[in-house]
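Chain naming follows the written order as A, B, C and D, and within any one chain the residues start at number 1.
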Amino acid sequence: MKAWIAPIMRGNSFRLALGVLAMALAWQLSVVLFKVPVHYLPSLPLIAERLSHYPDPFIAGFIRTASEMLIGLAVGTLFGLLSAVIMQRYRMVRHLLLPLFIISQTIPVIAFGAIVVMWFGNSLLAKAVIAFYLTFFTITVNTLAGLDSVDPKQISLLRSFGASNQQLLWRLQLPSALPAFFTGLKLAVATSLSGAVVGEWFGDTTGLGVLLLQSMYNEDTISLWSAILLVALLGSVCFGVVAAIEKRVLFWQHKQDINH
Amino acid sequence: MSQSQSGRLWGLVSVLGCLVIWEVSVRQLDIPSYLLPPFSDIVIQVSQNFPSLMSASAATLSAALSGFAIGTLAGLLLAILLTFSPVMRQSLLSIIVAINTVPMAAYAPLVILWFGVGMESKVVIVACEVGFTVLLGALSGLAQVDRRSIDLLSSFGAGRWKIMWCLRLPTALPAIMTALRLSTVRSIIATIVVEMLGSYLGLGWTLYQSVVMSNFLTVWSAILLASVISLLFFASVAWIERRVVFWQ
Amino acid sequence: MTTNSAAISEGWVESVSPRAVTKGSSILGLQNLTKRFGAITALENVSVDINKGEFITVIGPSGCGKSTLFNIVAGLDSPDDGHIAHHSRAIDARELLGQVAFMPQQDLLLPWRTVLDNAILAIELEGTPRAKARAQALKMLPEFGLKGFEKHYPHQLSGGMRQRVALMRTFLFRRELMLLDEPFGALDSLTRSMMQRWLLEIWQHHERTVLFITHDIDEAIFLADRVLVMSARPGRVKLEQRIDLPRPRRGDIVTSEEFMAIKRRLLAEIEEESMKSFAS
Amino acid sequence: MKSTISKWHRLNAALAVILLPIIFSHSATAQTLTEASVRLKWLPQAQFAGFYVAKEKGFYIENGIDLTINPGGPNVLTENLVATGSDTFGLAGGAPSVISSRENGLPVVAIGLGTQQTDFVFVAKNDGPVETIQDFKGHSVSTWFTGANHILSAMLADQGVDQDDVNIQPQQVSVTPFVNGSVDVVTATWYNELNTIRNAVGEESLRFFIPEDYGISIPRDALITSERTLANSPELVTHFVEATIRGWKYAFDHPDEAIDIVMQQSPTLERDHQETMLAEMQRLMTADAAQDHGLYWLDREKLLKTHDLLRRYDVISSDIDIDSAFNISILESIPLADRMP
């Protein structure tokens, strides 16, 4: 193997690309060899043709769903962080609020379709709210766990240096909670996307969720697969971006991993 | 009274407080019941329609539990196999992570078209949802084992199954249990989503049907039951977790 | 007294007078400290007078309440009974918070900060602007054997180097009294003896007062002006031993007759305590 | 509560302005127009061609209405959204859903009914074992349990068949089980599922059991508004209904153009399927009483029968005043000639 290939071969993204290629090949081969009916698994060229033939709704849907998801994710992350910090600082707030947060997550959002439309209309905001609803809890819980797991000895040390609560939070607790926060954020990418897609089922005209629903009821498997693949693309790209940021921010963690 | 006990007490106070605020404000402000019925009416509705709501809950719970069991087994098995084969693990992990970023909601329409309306679709969706979570949790747990401990056991003449059983799995147990706990609520919600899209049994179906019939009290009682079932499922897995991973 | 307090609040006590003179003026007086955790009495009637410029080591079996004592002196914990005098003025234990340079057992370096930024953590928290703090730390790097490593992160350092960063952090936090809690406990014996000699050099150069916990008798004697032997739970000061070995101390002092004599006496005391805690 | 809702909307509007610079810009004439919205019962398709055509051709604007068309979805109940004022108008499930909404206290009123007949039919294969309703005995019938099951029950009762002898199954999204032969009788809307079945099996090999043949006729696709809107702005309601009817008439006269307009909303739809759908909609909307009274006519006799059917099968537990649930005054205020198809 040529010397320049070796470092790329080790890269995650290269492995991912190779994996995707292998999957695509397996897909196409099984469709051709076993003559899988279109309504189970359409061949990839058919999907590509559908996407190139009617690109507009798919492009518009992708943009729409992506913006719903990103707004929800951003607000959910901020809210989650803030609530975690407050709950960590004030035990009482934690005792009072955390049970309500947990209960809120046991309520199936899809049951609230009518209420969501009633309160927020068909706006992009409505879907962002649902994405937010599915996002904040993961962030809160993970960040809280991260804040809780700060070594008490470390806190004692900084206290002995006369650190104030503020200083403790910014210099020690938040940075220490970052690994747990990123774990939560990676989970939240999927849940916020889920929220955006489900949110679009409550009477909307654009979005990947709308396309999914429409193709399901029209028994149009080609469009259905096109939409699924686009959702997968959106989810993977966002996940990849978060993972890349994590790698940069938590440089010390990865170095430690290698040492072990 | 211990810290955690008083914490739980305050949690209860806050939940009850919210219910009281709900009840009083709905009654005081004369909010029509199609917007938000008083909580007591929902409880009464649950008790009046207890048999039918219970059978719906049972249908949802059985689908969720079957999917949960299948998903857990499949996820664990796959994780063990991938741990045995590092090459497979390296090449498949990125794909698994990529697939896992796609929300279950996106697959639901496809699964309904493939498996039809009924138990199968629900079980498949829940099994996928739980399976991926358990797989990823177990993989990271199984990888946490200290190389030196493995070497030690190998020096005692342990084979890889022995090492898996005596060392890797116990080490991975906390991570696996966390994944299971996370999956509980999700498995119930996934079942309900599938039921609302296409099914003729379960709480999701009750929800759908009551919405169509503008029977809002039934809608709310189904939501209440879904929430209670999720909490109970979550609590029982958390209880098992505390006993299984007592050392943490 | 007033000048001293002013100096402390500035964060820098430059000892101008020779050590012979300053020795004897009490910085911190602990009288009959008692601390209980539920049914367990961790400390009982512990009295110590810490004088300026002294190097005191504390040795005792595990569970003798050394860490409790340290937490109280660092201002992190309050005794249930007893008095504390700071420069002969009675104070509450909590007032000591931020008045003592504390170095815990582990280095507790922040993994996301460079060597330089870890070293300045304490003075940065105090309010020293970063640039100024960094400049101060840069000047100290060679003395701590860290020259050229200022941009490294903790995970790139060896255990001995990490400990030196932690020590530098403690030295930069200029307080009359330094509390060192088994700082070399995790190091191998070769590195450890090098670090001990090096610590003495630094201590003499910077003229600080040190309270030092250790498990190692050789270390306790080698470093100290005074060794406090603590008893098994409840922790009491069982013996106070002055060490009059000449300074500066060289590595081979540990094989000298005087050293051995002191060691034998201390060993006997500690043995007795260890047996007690072993039996209980 | 009303003020709370409008506050919500104002808040949301404000948030929307802050968060999203991409806001639909209103046309220059917007100031003189009344803003209104209609909530459909499902995703865009030719079943709603009239609305999309009327909007595209500017009929609503001509009548002074700046109309937003909101599609429906699973778990989005049109009646509820109209009752709360989220949407001004709605195309609800049909006469039964309006009746049960009224029984549940929703302040909605039907001002017209789209399809004059039951919009679905029970279908068997010609070469299959089922030739008459009697043959349903011992065979499998799949139907929707959201109302169609009661009509099936009524048809069986009409023919003296005991319901327990029939293997009634819930019907899935797909009609594949019927096409595959695992189900003997399937329920299909005239405009949607039937079309799929025709394409898969062929028209000639199908046998229909039409509810109307057994004395059951349930009008569907109810045009509704809230009691408040009807009382406060009857002109708005009249203008809306009038423009909608104009839209439908235009769609019936120019089916190609109408399908073009629908396809713009949802380009992945199948054109042939949509054309058939529009044709079936035309047949159902212009049937029976519409022949004499025009589109969207409220056939009181059929409504009373529907009400009785719902009472018989305990869908509603008390009697509902049909004349306040279905208000004919709006239709009557539009000249008959304008309403005639």
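Simple rule for what comes next: a contact is a pair of C-beta atoms (placed from the backbone, for glycine too) under 8 Å apart; a residue touches a chain by one contact, two chains touch by 3 or more.
Keep in mind it's a predicted model, so treat the numbers as computed, not measured.
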Chain with minimal offset from the mean of all protein Cα atoms
A
Whole-angstrom distance, CA centroid of chain B to CA centroid of chain D, is 37
Using CA atom averages as chain centres, what separation in Å is found between chain A and chain C?
49
For chain C and chain D, what's the span in angstrom between their mean Cα positions?
83
Each of the following residues of chain B touches two or more other chains, namely 35, 112-113, 196-197, 207, 211
Flagged in chain C as touching 2+ other chains are none
Listing for chain A: what residues touch at least two other chains?
39, 110-111, 113-114, 118, 213, 215-216, 219
Give the pairs of chains that touch; include all such pairs.
A-B, A-C, A-D, B-D
Touching residues on chain D, where the partner in the complex is chain B
1, 74-75, 77, 79-80, 83-84, 93, 97, 100-101, 103-106, 145-147, 170-174, 176-177, 315
Chain B residues within the chain A interface of the complex:
6-8, 10-15, 18, 35, 90-92, 94-95, 97-107, 109-110, 112-114, 147, 185, 188-189, 192-193, 196-197, 204, 207, 211, 219, 222-223, 226-227, 230-231, 234
The answer for chain C against chain A in the complex is residues 71, 74-76, 97-98, 100, 102, 104-106, 108, 110-112, 121-122, 124-126, 153-156, 173
For the complex, give me every residue of chain B touching chain D.
29-35, 112-113, 116-118, 196-201, 207-209, 211-216
Within the complex, which stretch of chain A touches chain B?
12, 15-16, 18-20, 22-23, 39-40, 91-92, 94-100, 102-103, 105-111, 113-114, 118, 189-191, 193-194, 197-198, 208-209, 212-213, 215-216, 219, 221, 224-225, 227-228, 231-232, 235-236, 238-239, 260
